[in-house]
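In the two assemblies presented below, subunit A is common to both, partnered first by subunit B and then by subunit C.
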Partner chain A sequence: MTADLFLQILVSGLLIGLIYALVAVGLTLIFGVMDIVNFAHGEFLMLGMYASFWGFALFGIDPILSMPVTAALLFGVGVLVYQVIIRRIINAPMLSQIFATFGLMILFRGLAQFFWKPDHRLVTHTLVGGNVTLGSIQFGLPQLTAAVGAVGVTAGLWYFLHRTRLGTALEATAIDREAATLMGINGQSMFALAWGIGAACAGIGGALIATFFPIFPEVGSNFILIAFVVVVLGGFGSIVGAFWAGIIVGVIEVVGGFVVGPEYKTAIVLSLLLLVLLVRPKGLMGKA
Partner chain B sequence: MKAWLRGTVVGAAAVAALGLVWSGPARAQDEIRIGVIYPLTGAAASTGVELKAAAELAAAITNRELPAPDKLAAAVGMPNLKGAKIKLIFGDHQGNPQVGATEAERLITSEKVVALVGAYFSNVTATASQVAERYGVPFLNADSSSATLTQRNFKWFFRTTPHDDLFVTNFFAFLQDMEKKKGVQLRTLGLFNENTLWGNETTKLEVKLAEEQKFKVAEKIVYPAKATQMTSEVQRLKAANPAVVMQSSYLGDAILSMKTYKELGFSPQMLLANDAGFNDSEFLKTLGKDGEYVFSREVWALDQAERNPLIKRVNEMMKERSGVNFNGNSARAFTGVAVLADAINRAGSTKPEDIRKALQETSLSAEQLILPWKGVKFDAQGQNELGQGIIVQVQGGQYVTVWPFDVATKEVVFPMPAWDKR
Partner chain C sequence: MTTIHLPKTVGALALLGFALLLPLVIQDPARQNFLILILMGAQLGVAWNIIGGYAGQVSLGHAVFYGIGAYTSTMLSLKLGLSPWLGMLAGGVVASAFSVAMGWPCFRLKGHYFAMATIAVAEIVQVLVTNSETLEGAVGLSLPMGNTGVAAMVFSTSKLPYYYIILGLLVVTVLASWAIERSHIGYYFRAIKDEPEAARALGVSLTRYKLVAIAVSSFFTAMGGSFYAQKEMFIDPGSVLATGVSIKIALIAILGGVGTLLGPVLGAGILITIEEYSRVLFGSTGSGTDMIIYALMIILVAVYSPAGVMGLLHELRRRIPSLRAKAEVRA
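For the complex of A and B:
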């Protein structure tokens, strides 16, 4: 393998890895705050992609420009899902929680298929369309934009959680729900906030991914398995962990796929996951 | 007179037999229940919905709800069953072989269908037809091309479409013809197929034929169909630099691979696709100009209507009812139901065994079909011997027939221009 080729593959892996991280941060946030695995997270991503698509198809607005609206919409969806469903199952057995979010996943897919048809859609023109050539390396501008977006979202989330009053309150709720309540933090609002932010992250992810990936009701399932791997690898609930784990998974998938053979790329990623779980069950940056 | 007599005798026998089993002979007489299993939800749902529309059109023509050209196989109707009506009962397999088998079982046992049609995905057809074989119900497959399906020596399985062995053999014949005509060398191949039964069988056969016909396989990739990225795949193809890429993909991955080709600046001299995703009506709608110059094998192309007024008329009916033109998949689904209806009429009975016998005796000619075949006639294993494929190319946003050269409507555009020179 020449150095150019290796660099090209590395860059491709890095870009897709950052996109995985983007999908995973919202998922890990929700889990970190309230220990509920959101199986419908891929569907939040799908809704974000459709919001971007319809903004583009109906009003001619670029997904990048409509991103704030998409994020706000998904924030609303997240809060609504929390208020209508999740609030009622916080103290329910884990199996009920799994079924609730799993059912939500099926509901969202069904609704998307019913209202928007099962067709594959594509945002055909975007501000960030086209290719970038750097020396001998080529990559898509949409992917680069999405990767930059992933860095931005992760950094923003980190800043929010560690440097703002509201974020610290959220973090406190995550660490100890009861103690935080005793300190005057409204646990219910914090949970709703976590769902809102988690869904908004998926919305931003959807907007960025919509610039280069086909959009269809089941699109969430393509990303969600890898997102779970990223969350577990990074450590459940760790935003920074998910960020680095996303990059690791992306690079290993692309480089491993190239070197060993593309038919094994998913197997390679999942083997890595098993290995990490054996050596370090709490993930790279998870708290025990 | 003789046919009438036979029809009456068989009909009476059927009535006697069926009367014992369910509600009564009246329903069996005026309603022929046929189970149709397609992916109506899930990743291939957009294809499934088109297949369903085509099957419904064939049923409507058989039921005389629509006037159709007399020559058409389905237009004969059901004179031997006193003009009985076909009722299609749909099952949704969601692209899942287990679900396909369960749906087949449901249609046979609770819906009491007399025959099954389906199921597009070869792996689902495999499981669903096993159920039909167990219950002794004819299974007519119109649109799955895995060659193994008719190598199982099933008694109740019939397939109208040509299978992959034939299509893939066509690829190599096409390349040899191109070499002769254009004086070029197309001897290095990149095999790029998805990893379900269909893609794996295709890969095996392509390797075998390449060896036999002195082509060199520069790269061979079997990729997971539900992909988030295809960078490693395309990089490997690019590094191997084959003259021709032979690709088998469903819709989502067909779109993703095209976008990745463009992104990484990969353009072989020829991209020769194996139908499916590349021929879905969504493919060009979604990709627009980026879908140009792709070759694909087909069993049907809209430009065949220019050559044949019958095809033109039936396509207009399809367009009126469902808003889309026929494509290779829906034209085959249409033909599947038509062939089954023809057999049921000739059987003059809704008993599975009679239908099976009638299917075995099927003899339809080219003029009765909307497909560019020589006809329909099943061999001992249930495979239609008279089917054949064509090669189409995307030119100006249309799939035009470019091979075999004698039925082509347009000249081949070759080689595929590089992405930055379009």
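For the complex of A and C:
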């Protein structure tokens, strides 16, 4: 393998890995705050992609420009999902929690299929289209934009959680709900906020991914399992962990796909999930 | 617990008699096929319930056992000409061995983590089978049409033999489940589920009994997979190994009532009926309507009735006497 090829593979892995990190940060935030695994997270991403697509198809607005609207819409969806369903199952058995978000996943897919047909749709041209050539390696500008976006979102989220009053309250709820309540933090609104922010992150992810990936009702399934791997590897609830884990998973996927064959990519990544669960269940940066 | 409850035995026999006579009354092949689908779902739900309900280990990867059953009996029949009756047992044994190998490390994981690991295992196996030349990959395996009869477990003229075979398999699975529920293993399961720490302190080996549970559960799930292969005469990774299959199996048990003997049977009746009718009412798949109904049902059960329909019935039975008493007071 030549050095150029090696570098090309590494860069591809890094770019895709940052996109996985972007999908995973929202998931890990929700889990960290309330110990619920959101199986419908891929569908938040899907909704973000459709919001971008319709903004483009109906009004000719670029997904990158409509991103704030997409994020706001998804924030609303996240809060709504929390208020209507999740709020009622906080203390329910784990089985109910799993199936409630699983049901949501199927519900969103069904609704998308019903209203928008199962067809694959594409954002045909975007501000960030085209390829970038750096010496001997080449990559897509949309992927690069998405990767930069991922870094931005993770940094922004980190700043919010550690440097703002509201963010610290959220973080406090994640660490110890009882103690946070005693300090006068309203647990319920923190949970709703976590769902809103988590969904908004997925929405931003959707907007960025929509610039280079086909959009269809089941598109979330391409990302959700990998997002789980990233969350587990990074440590449930750790934003920074998810960031690094995303990169690791992306690189392993691309390198593994190159060595073993691209059709085994998913199997390689899922084997990594099993390995991490069994050897180090708390992940790279998990707390406990 | 050694006394046999007479009313319950009579009830069970009456139910069995009803099931035996039903297809003689309902002779339309399409409707008989519908009954077969319910029995297939019920059998899988009862099997899942042994590990997911009694032992409380939520598996979302049961498709892997189902697929092992379907592929084992089909390959043995295609390559060695082995009768599917034996192939079914072989599939069960292979699946049990696989489940123990999988469970041994995975049972250390709790709750969500275990569920996630089971999804991962099933997905990995699906990828491997899809890319396996020996197993014909994504193309799938077909059983030859010519060879019909009891020995080959293929029937072309009537649905009835399939009905009675799956009914028999369901009865055996329920009996196995019942035997476990009544035995000391059943008590250990409940102890593991409700008070894991206390059970451990009393010297109950958690892992050993979980392994027994998953071995039995996967054995019967695999037999269901072999039956599916015989009925459809065609299998591929999408139909027997997909995550959707795992979800459906778990959902049947959850809908009916987790950890109850006949809850999964009830769950299958409800789920399959809704599935088939929404397909008839709203057209074929693709419109998304069947998914929406299915999803709303899952969410409603998850939010409002974690104990499933059986839980609702118990609640109703508990309330009726008190309602009656109230009515009498008023009168």
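Note that the second predicted complex is superposed on the first by the 288 of 288 C-alpha atoms of A that agree within 3 Å, B and C clash if a C-alpha of one lies under 4 Å from a C-alpha of the other, contacts with A are read in each partner's own complex, and residues count from 1 in each chain.
The rule is simple: a residue touches a chain if its C-beta (ideal position, glycine included) is under 8 Å from a C-beta of that chain, and two chains touch if they have at least 3 such contacts.
Keep in mind that this is a model prediction, so the values were computed, not measured.
The superposed arrangement places subunit B and subunit C in clashing positions on subunit A.
Applying the stated contact rule after C-alpha superposition, one finds that A:Thr181 touches neither subunit B nor subunit C.
Shared-chain residue A:Ser189: touches no atom of subunit B or subunit C.
Shared-chain residue A:Gln83: touches no atom of subunit B or subunit C.
Legend: residue contacts after superposition of the two complexes on their common chain; A:Thr168 is shown touching neither subunit B nor subunit C.
Of the two partner chains, subunit B is the only one that A:Val254 touches; subunit C does not reach it.
After overlaying the two complexes on the shared chain, residue contacts for A:Phe216 are found with subunit B alone; subunit C is out of touch. In the superposition on chain A, contact is made by A:Phe102 with subunit C only, not with subunit B. In the superposed model, A:His120 makes contact with subunit B only, not with subunit C. Contacts of A:Glu263 after superposition: both subunit B and subunit C are touched. Overlaying the two complexes on chain A leaves one subunit B stretch of 1-9, 55-63, 73-81 or 127-135 clashing with subunit C, which is 127-135. The interface of subunit A with subunit B overlaps its interface with subunit C at residues 113, 118, 217, 261, 263, 266. Those residues of subunit A lying in contact with subunit B across their complex are 5, 8-9, 12-13, 16, 19-20, 113, 117-122, 124, 131, 138-140, 143, 212-214, 216-218, 221-223, 226, 253-258, 261-263, 265-266.
Residue ranges on subunit C touching subunit A, taken from their complex, read 52, 58, 60, 105-106, 108-109, 111-113, 115-117, 119-121, 123-124, 127-128, 130-131, 247, 251, 254, 258, 286-292, 294-299, 301-303, 306. Within the complex, the subunit B residues that touch subunit A are 41-43, 45-46, 49, 195, 221-224, 226-233, 235-236, 239, 251-252, 255-256, 259, 262-265, 282, 286-288.
Contact residues of subunit A toward subunit C in the complex are 37, 85, 88-89, 92-100, 102-107, 109-114, 118, 217, 225, 228, 232, 261, 263-264, 266-267, 270-271, 273-274, 277-278, 281.
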